[in-house]
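Would you mind keeping the following structure in view while I ask a few things?
Chains here go by letter, A, B, C and D, matching the order in which they are written, and residues are numbered from 1 within each.
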């Protein structure tokens, strides 16, 4: 997952992008960059780490100009090194351009080999760089022609921001996997991954960019193009489950409300007799509140989350093991002692943390621990921008629900059903990508891609 | 406020202190240090910033030995510079010693002048250094004699850890202002400001150090001394209100439970007709849950707290003002829209943040905003270790509750009463210091100290 | 000017390159890089500053493999930023390659525009990158074919090292502007800009790479190719005058001896009655010794050079001006007082330092100051790798010798003649480039290049 | 050895001290500090490394005020850590003071034990700190009284600068071991270890501070005091031999001239038939020029010294050994080949470098190598501020001249005689300390000190 944020025509453009990236920090903590334009040149600052660290000594006066784009990286493809931090900025025949990409391309490997055979030299290992090279070699007359040329050749998930000396371009692939919204503030335009950043800077939400839409923002205003062949829609349901902030509206509805409804439906599907409902903080809070309502059980705060566990934590020596979860989450004994506890989380991926949480609650004196998960079992890897582990590491891929329960040492374990989950959103169910739950990938793969992506390499029996 | 943590006789002593300081990070974020002893020498590492930042590249093998103490600094007295980071380590006639101090001395200025007149040279501007110099000049035969000599001369609040080559000493002043607890793990002893750190490292709580007690931990085990004249007890009620973590037991009872009871009593004292109760996260959560129960109103999560706002945030330019609160706290519009909202916080000091919160909730569409505070109005500065502003800056010192309500633009504003607050704890009310609410300071001041401490300097009309 | 150094087949390859770059530090102090190969991959470390600073904390174990090349950058073309530090390393269709370039291309601008028009994306602003792109787009069958293809299109001065996974290639342009020598040590091959680095690492000089020669060093040994059309030779006489170290052999002869002869001839051409000859240290020392011999005057050490003036010196405030020269060079009053002094330097470029030196000598009590320069007046810019200022800044371009003398405030000023200078070398005079003295550039320019290079832009009257 | 520099009453005081420390860099490269005074407070900046590195990003506006002192540290006593970098700055009963010390105290250990017994707490391990504590505990009425009190108790070598809010004090011990000179510039006063720094900043030399003199510089001007019991003078002859810059006047005469005379006398004492005289650069240059004159042999430049070998050089791996000398000094083969060479150096301490130099010259083709040393054999350690090794490591302490010659593999080896050396200076011979050559220490030692200083601990048979 990544976060992207762009501003066109504001005297504090790069400062606003900084604030926007800060508000999108949850979408990527590995590295960030900002590129600005003053109408003649592009200016770039990048770094590894959190937005606040990278830019703490930054001199924003170096990021000149009234337009800017930024990117928070959450590694999906390509190693974690400085060269891979976006936006990618290049000089090419027509001038300069910078690109920020949220999503993942499935045919990047193939396109890169082809481009290199014709003499292109790549700077990074990120898939997004093929888009840049395809623009550079395009014979398109205008920049927009070149962008369309390029995007017609790539396959996969992409919400994009492209900044040139004079224009800010926003794109959402025809499936609409990743969100991208347009806002306005005092005559300036904003493009962002999540609407909560509009609130942050005091901008007004205008509308979501449509699946398959390109918007070109320039001195002529906002122009919209729909140059791609229409496909089905495939919005990522995980944006609602986990990625987006609860104070955002994503794909047209409130993330908090969707999560709460998921908790409510989960309670209706699989309630259990218990004394209290507690969330795994902070991501499980809305679902736990919904579960409390749906299940008619009192909500309490049984686990404290530390504010101080960041990226830089050093793991202590082997001789003092297993501190990871305790440093981040600590039980409140008084709340849990002697109780039958329902603990609600948004999802289970590997199961490692969940197991520690169950054991922590039980050690604090809980009589029973019932785990409830506000998403279905994650059984398939994502190829559209979420950095899921390989199938081998997904606990639901290799274990039944009962096996997982035993592994977690929970008294009961229940997941929401795929149907239940899709009832929580207002859009029609077929507009969402739920491939990580049922393996039905919206984009057909070629055999080559299946091999490249290692799609089924950890399963002798492809499903 | 500060946090202190010590370990005696554990092969991973400095690593455990690191974990302990991490778990006490909320008690001080300005700087931290660890000093260890290998029986012959002391080893020291210090830094400015968060524990995880300071020790991220630390080589713990340099902090040799089986005993160690650590300190998180929250500046109370003395400027914020490296030299003031504790533990203070010195060489003196008998060898080496290191000191970590939680609290504040009221006669430090006087003692320093006196010591300097006799030729002592101070390294720092922290009040705690006078204790060290008094030990160095003492003619006491043993180290313990010298410590007692020294402490008989200082006046104020102190929970102390002192490490020498061979011993770990823990002290709590006779008033018992600040907490200090003793634990045990595999034959090692632990001293800590808060019991939640025992859970963190898997240690067992033994007992609180008593007001006026000195414990000497050495190869002979734990020896207890009560060398000071007995005084009244004066435990700091603000530990329960705000400072301690909810998962700690402080002064013999669960912080979470006390906070919850405060919220419950607050609801009973000043309920209002409303649709939902929301906390100011995270410190207002237990009180809001208690209020929800006491007031019979549904609890919800109306404000999201960002995990990424740390110390290093750069304030954007003047032209983009007022982002401070928004970056840290963001409203969930869907929860608040059209509702009559009770918002619960633990305390109000200056009122600046509360005002922004009220306005944020109202802008999100709330019909009414009722602010409820789970502590009485803070009207007097603290001289025992809490870094309160001067009286001029305390909003409750210069404004009535009604004036404050108007300033915050809330529909109603109510505080818990002092009596109500003290009903939430089990110990008898007279054992607590509530000077910040009623101005009745437990330690009598000399005229000199009144002048030095600027006790009444911002009021022409001392109360 | 730049320095390049390569090693093939030595277990300490990158360590030897580090030592080699250290010994070539005088050829470039702006930044350095090392790229190594372990037969499968290339590994790269670069930095801004001196070799010893860049690699002081370097982990040479990361520069794996038995072959490596390195480069010291002295900016000639392209801004001073990290991205411009060489070797340039890229991945392209056939694998990886790294390039280190000493010299300057005159048609780089034209080639870059052409390559960009076909879609190439450049990473840096250094001229050398065009060579890389020309290799990447070449349809040549072997890597050597591609290199030859590429070099047939570039025009200018180049001594090159190219490292691939399996080969080390050395090239010298057909004019032979810049030196490049081949050495051997325990079965390993070394390529270096200057032979003094062979002494440093204990290697044996084999021979100079010939003008127009390509050597390919691989497991098959050293193979030599002469694929380019023969041109005249044009070895840079400034290597002897200033750039190379006196302990190097360049273009087949001892630099120290050439400089000494230049001083001797200078004395024969323009002796003056005086008491002592002193050098401007350290570059003027050999010529001053030669002058002392040629003029029959005693040599002395009248100016001390500080060892501690490096790149990082901060200029003090405006109010304390003119310290630059004094911090680097200080007069020895006792030596100069009351004397008629001949001061010998290797060359005058802008004249700023010379003027300060004359005034410093005179203020120390010298009765007369006679400046003698062991090279002719520098009147034309260099386009082959020496970073001379524009014509406007060359004092000899805008002033006669007499005007220069008056500017320097010297009693007399004499330069060696072009003919005298060329008598100091053994090779025949027409094999040297002396364009900076007489404006006769060995490579014909196109009109386009004349405009791009700003060749005559500061003179209304091209000569 | 250390360097000290002070300025009183100049608007650019700290900037001038920075320049002064730069010009005294040769006297200490381990660390430096500057302390300034604005009449009310002292301001301090310190660091490890070279002056130019430490202050490269320094903000001189933080070093406020019109007076300042600085210190370059060359470790003599105390470990190499930040805390030991001078000036030492403290607050004490009367205000603030800063101390910079060149020299070494012989009774520091004894005084420190005594001071600690009375309760003093030391911050560092440098001997100079006892002076500070003795000032702090003195009952003297004025600051000057306290300084005199303190210095009457210390024994050893000291040239001192002491800065308070209002005064700059300069002191030279009664033996006059280390230099200290007073200068003047536009109404400001300068105190410096070496007069060459007056030239550097454009100041005028007034006079040397006398042995046993204290000067107090304040708004009242310069006041002089001679409060100590008169002793013999014992100026360090090594200042002339090696430490001071040749462009300085030290103890009343030109260092360059003294060195040149030493070379001349050396040639007269021990000339040899040879073809050329070469120096070990740069320290051997003046003596080699003197030898050339005295011996009637031509002077040449047979060894090149690299400008780029600084503190930060990383030693390459064991497998590529013995590069140390080669990286710093490289022979000029053309000069040495087939010659009988006299090589002149200022002194031999351990003999390691000399051995490498002899072998390097011989490998370059010299027929004979005659080593000549412009100081007598160093046979005893210095206790007055020069960081000589223990007796065991001094080659002349354990080997005869003939044994040393064999070790160096020189054809002949001759040192100047003690009498010859003392003929090179104008002051009478008995005014110099030559203890390192003959073991006659000017200050009598107590038995305690003999043990503490390990004076004879490496010889069973004290001489």
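Following the convention adopted for this analysis, contacts are C-beta pairs under 8 Å (C-beta built on N, C-alpha and C of every residue); 3 or more make two chains touch, one makes a residue touch a chain.
This structure is a prediction, so every number in the text was calculated from the model and none was measured.
Counting hops only between chains that touch, chain B reaches chain C in a minimum of 2. Ranked by separation of Cα centres from chain A, the top chain is D. Rounded to a whole number, the gap between the C-alpha centres of chain C and chain D is 37 angstrom. One finds 52 Å separating the Cα centroids of chain A and chain C. Work out the mean CA point of chain A and of chain D, and you get 64 Å between them. Multi-chain contact residues of chain A (touching two or more other chains): none found.
Under the touch rule stated earlier, the contacting chain pairs are A-B, A-C, B-D, C-D. Within the complex formed with chain D, the residues of chain B that make contact are 90-93, 113, 116-123, 132-133, 136-138.
Interface of chain B with chain A (complex): residues 11-12, 15-16, 18-19, 22-23, 25-26, 50-53, 55-56, 58, 60, 196, 199-201, 245-247, 254, 256-257, 282, 285-286, 289, 299-301, 304-310, 312-314, 316-317, 319-320, 323, 326-327, 330-335.
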